[in-house]
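You will see two complexes here that share chain A, one where it goes with chain B and one where it goes with chain C.
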Partner chain A sequence: MDAGAVLGQLVVGLSRAMILFIVSAGLTLVLGVLRVPNVFHGSLYMVGAFVAWSVAEALGGHPSGLWLALAAAPLVTAGVGLVLERLLLSRLYHREHLMLILFTFGVMLVLNDLVKMLWGPTYRSLVPPPSLQGAVTVFGVALPRFNLVLLVAGPLVAVGLWLFAHRTRAGKVSRAAATDRDMVAALGVDVSRVFALAFAVGCFLAGLGGALVAPTTSITLGMDHSLLIDSFLIVIVGGLGNLWGALVGSLLFGVTQSVGLLVWPQFAIAFPYAVTAAVLLVRPTGLLRSAW
Partner chain B sequence: MVVGFLVAAGLAAAPAVLPLFFVYLLALILVTGLLATSLNLVLGYGGLYQFHHGVFYGIGAYTAAVGITRLGWPAWLAFLAGPVAAAAAAMAIGFFCVRLSRLYFGMLQLSLGSLVWIVALRWYPVTGGDNGIHGIPLPAVLQTIPGAYALVACVVAASLAVLWAVVRSPFGLTLQAIRDNPQRAQVMGVDVRIHQLAAMVLAAFFAGVAGVLYVALERSVFPNMLFWVLSLEILVMCLLGGWFTFSGAMVGAAVLVGLRTLVGRYTEYWTLVLGVLLILLIFFLPEGIMGHLQRRWIWTRAPSPRPAAAGGTRG
Partner chain C sequence: MTDRRWWVLVAAVVAVSAVAGAGAAPALRFDRNIKVGVVDTYSGPPAVFATDALNGFKLALQEINRDGVHGARIEFVTRDEKFSPEIGLSMARELVLQERVDVLVGILNSATALAISAFAREQRVPAFVWIAKSEDITGAKGHRYVFSTTENTAMAGKALAEAVAKKGFTRFWLGAEDYEYGHRITNSFWRFMKRARPEATLLGQTWWRTGEPDLVPYLTQIQQARPQAVFFGTGGAGMANVLRTMKVIGFNVPTAIHTAIDVTVLRPLGAAAPEGVFGTTDYLFYYPDTPANRKFVQDFQAAYGAPPGFPAFHGYITAYFIAEGFRKARSLDRERFVDALEGLRIPTPVGEVEMRACDHQAVLPMIFGVTRRDPRFPFLVGGDLVTLPGRDVMPTCEDIETARRRAR
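Presenting the complex of A and B:
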């Protein structure tokens, strides 16, 4: 095993971690602020990927297609989320977690079948513009260019979310609502609107993750399956509702899978689950402070 | 009691009157219903977030399948080994899980269960990898649908009787006390973790029985039996039927399997129908189908109090 293979594997693992981070940041926001375990979060990720494909396809491979797709897909999923939240979910906040899981599972089934209706069961692939194709050579190792885009996108999203949470009024209120929603409501804040905004931002991130992953993978039904469970585990391992926890958990997931690919490829996908289980046994409520 | 005898008589008469396809469907509903009822022992009666119950179903089925095809065991021995293996796995997984509570319990179980799923998915020489194992040779009796149905119906009836007895036993009542208030149960001297672990092992045993019956009925196993999607489906069956009732899980299983098979014949979008149904259910029948019926019609004079703290308080 030479250093080049290790570095290459590490970059692939880190870019996978960035996708996981963007998606699980949305999940952890929704869990932290609204206390809703959103099972259809993965479906929105898939919707994001399909919308990105459609936008890029409609522009016929024009170089701007990908950038437009990256902007449009998250807006679509945020819109879908907002409508669902206002019409249905906002009436269920007082219910038990299992009921919320049941509800979001129902929405997941509906969304997945709608995706099947609109895009069909075939595989799609989104070709990135020529400037992002191919590989760059760093220290004699060929690294796929698009993965470098992901390595930039992840930290950008992290900084953006941090600014939102700490520098805007809505962000501050949603952090307060995550800690004590009754107190926030008692202070005269319309908690319901904060919840709607947090949910929309969460869904936005799911769509953004899907759009970003689209050029690196085949876009197909079921692409959400392993991602959903992975991001739930990441959120728990990092500490529920903790943005930096989602980042730590994602890095743990992406990097252990890369290590797994180097040492025991056949069972590489087992490595993140084993690490998750070990972390939960040592620190049952996650590595960083949980919002609950 | 009367209802029980009527159902038993109906099940016994089914192969004589129903077309073969419906006999098969009925057997599939019974197997899935047993699986869901076994989950409800820990979910509804135990208040545990058992998020990956499918793993024990899969272990039961895979043990039987691997025993017959790879190890050359006689079918009956393999069928007995399935539930035992599932119970042993629950002992191992549960040993760690009962240390955590609620959502964390469920998440730890998901990650440990996913490890088992990966073994089934990737250990090609033994489990057949993502293809699974098909065409498992079975005794001649089980190669006809009525034969398989007879085995399924008898075993499911016996298993449900045992589970019913467990729920009514002092152990079952203690379990419900733990569900309603773990702290109080602890203070009263109940060893909470041992009870929860015992419930998990028992539930996994019957999930293993269901897995073995699936092999008897379908003669195949595949890794999706241990995937989290199936586990979530079983969970939904319990909630759909009413997780505070004994019969709810079976009713939920019947609705889900029935929808998949019957609606699935007309449209490939049967999950859309199910999704809409679930959303409607939450708004109009939050206690599930049987929970609603029980409150509304059957025990109107002496309403069974709905356990307030079941499933844990929020947060």
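Presenting the complex of A and C:
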């Protein structure tokens, strides 16, 4: 095992971590601001992937199809999220967490069945445009060209979220609401609208993650399962509701997996979980400060 | 002769033969329809295989129910097992105890198949497994009431290992999904590889979760270890992910995967599948190019708008085994039905298939080939195809006997 191989695996792991970060950021935003453990977050990720496929397919494989798909899919999931929030979720905020989990779990089942009805059980492939097909060699390891897009998209989303949280009024109110929502309401801010916006942004990120993952994997029913579990783990390890925590957790998760493969391939499957368990033993509330 | 006279003549012949037939042997008529309970995974990624199998089953039932089985129609009800042995078992229980089905069929999930098989044994209800490939189903854990109309990991592992052994590789890497089928097929491949080439060495092995979306780190690591050949034990959507990743990163190690040449795997991938992958399957819609296979493919295509995959073929022959079993048994009695099935041979789109009496495993041929482009199709197909007769790749009845004795 040479240093190049380790660096190569590290880059491969980073690109996976970016997807995990984008999706977990949405989950943690909703957890932090709304205090809702959104179990259908994974379903929206799947919807995002299927919508991306449909858009790309509708354009008949034209290279612009992928970019349009990357723009359209998150907007669709944000729209779905917004409608669900306004119609249903906004009436349930005062309920206990168990109720919210049951509600979002119910929505997950409905959404997954809807995906099955709309797209059928067949799995789909979204072929990236020719310029993004194939692989480049990084430190002697083959990295799919499309993963370069992921490596750019991740930091862009991180910067965008930072700007949203620190430079916009809505973002600042969201952060304040995450800390003390009663106080924010007492100051005369319409918390409900902030919640709706934060929820839509969270759902947008789920859809964006789905659209970004679409060209790299099989788009299929059930693709939400493992991702949802990983995202919750990442969010817990990073600190509930902490955006940077989601980033740290994702990097930890993606990189331990890919580099773990070099160390002990037969048991690499357990590495990310062993690391998260170790972190939680030392810091039960996560690596960074939890908003809860 | 005018048209009308023709008809009179035909009517007369029909009438006479009907009377003569009735006189020769009193026609047996079942006093009720035959009811089949289908349990399979109709949600999640595997639904594509379960749906294909059900379509093949439905197509056969349309043909069978035209004349019926001793006057009875074969009816069916379906239940979604959601890829969970617990749910599958409770569905089977409900179908047998409440719906009172005569036969259970289906089951793609090997763990569910084994759970339902144990239940079928306890209830003495015949159960057909049409996709789940664990060799334990008709091997170590086989019994009087369970039947398999699919190839299993013992057959596939042997066929693939023996074919790959001839290519001269000696240093191998094994990579597989961490579930019942992944373990079974990988163990079987390696067992038969060691038997065919005792000098074969294992450089290492990698396991990943079922549904793992990103296999790039796994495959890059294997590539770096520089084995001479790789075997992947994957199924369903995981199969598609392995092939897609191989193509994207230009995976350059010779690779063998059971079902790699299968149409259910290659069609959804289109141009995203890599050429040159060795694979096995037990059914291809374009091979062998016989009238019987062509007719089956045409009918299936007309009904469902896509060519049949291996699950459709399994569903189709399962229906015929059920129909012919009851026809031969001349009774709706389960015990007589099981007796009738043992050694029963039925015509299928790929020739006669026997239900082996000793283990209730359908004697299916294995096809070995390599993925390649074909101008006739927008997806890759199997090339350099070779058929290995079922008898040659199945464990012997003595092997089965030994495995079952050990299990007890």
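As a convention for this text, the second predicted complex is superposed on the first by the 281 of 292 C-alpha atoms of A that agree within 3 Å, B and C clash if a C-alpha of one lies under 4 Å from a C-alpha of the other, contacts with A are read in each partner's own complex, and residues count from 1 in each chain.
To be clear about the criterion, contacts are C-beta pairs under 8 Å (C-beta built on N, C-alpha and C of every residue); 3 or more make two chains touch, one makes a residue touch a chain.
Note that this is a predicted model, so its numbers are computed, not measured.
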item: Fit or clash between chain C and chain B when superposed on chain A; value: clash
item: Partner chain in contact with A:Gln266 - chain B first, chain C second, else both or neither; value: both
item: Chain B versus chain C as contact partner of A:Val107, first or second or both or neither; value: first
item: Contacts of A:Thr122 with chain B and chain C, given as first, second, both or neither; value: second
item: First, second, both or neither for A:Gly134, with chain B first and chain C second; value: second
item: Partner chain(s) touched by A:Leu227 [first = chain B, second = chain C, both, neither]; value: second
item: Partner chain(s) touched by A:Ala142 [first = chain B, second = chain C, both, neither]; value: second
item: Partner chain in contact with A:Ser64 - chain B first, chain C second, else both or neither; value: neither
item: Touching partner for A:Thr168 - first (chain B), second (chain C), both, neither; value: neither
item: Partner chain(s) touched by A:Arg35 [first = chain B, second = chain C, both, neither]; value: first
item: Segment of chain C intruding into chain B (one of 59-67, 95-103, 149-157 or 257-265); value: 95-103
item: Footprint overlap on chain A, where chain B in one structure and chain C in the other make contact; value: 112-113, 116, 225, 266-267, 269
item: Chain A contact footprint on chain B (complex, rising order); value: 49, 96, 99-100, 102-104, 107-108, 110-112, 114-115, 118-119, 122, 227-229, 232, 235-236, 239-240, 243, 268-269, 271-272, 274-279, 281-283, 286, 311-312, 314-315
item: Complex contact set, residues of chain A against chain C; value: 5, 8-9, 12-13, 15-16, 19, 112-113, 116, 121-125, 127, 133-135, 140-144, 146-147, 213, 216-218, 220-223, 225-227, 257-258, 261-262, 265-269
item: Interface residues, chain C side, partner chain A - complex; value: 42-45, 47-48, 50-51, 83, 178, 204-209, 211-214, 216-218, 220-225, 237, 240-241, 244-245, 248-251, 268-272
item: Chain A - residues contacting chain B, complex; value: 35, 37, 39, 88, 91-92, 95-99, 101-103, 105-110, 112-114, 116-117, 225, 229, 232-233, 236, 240, 266-267, 269-270, 273-274, 276-277, 280-281, 284-285, 292
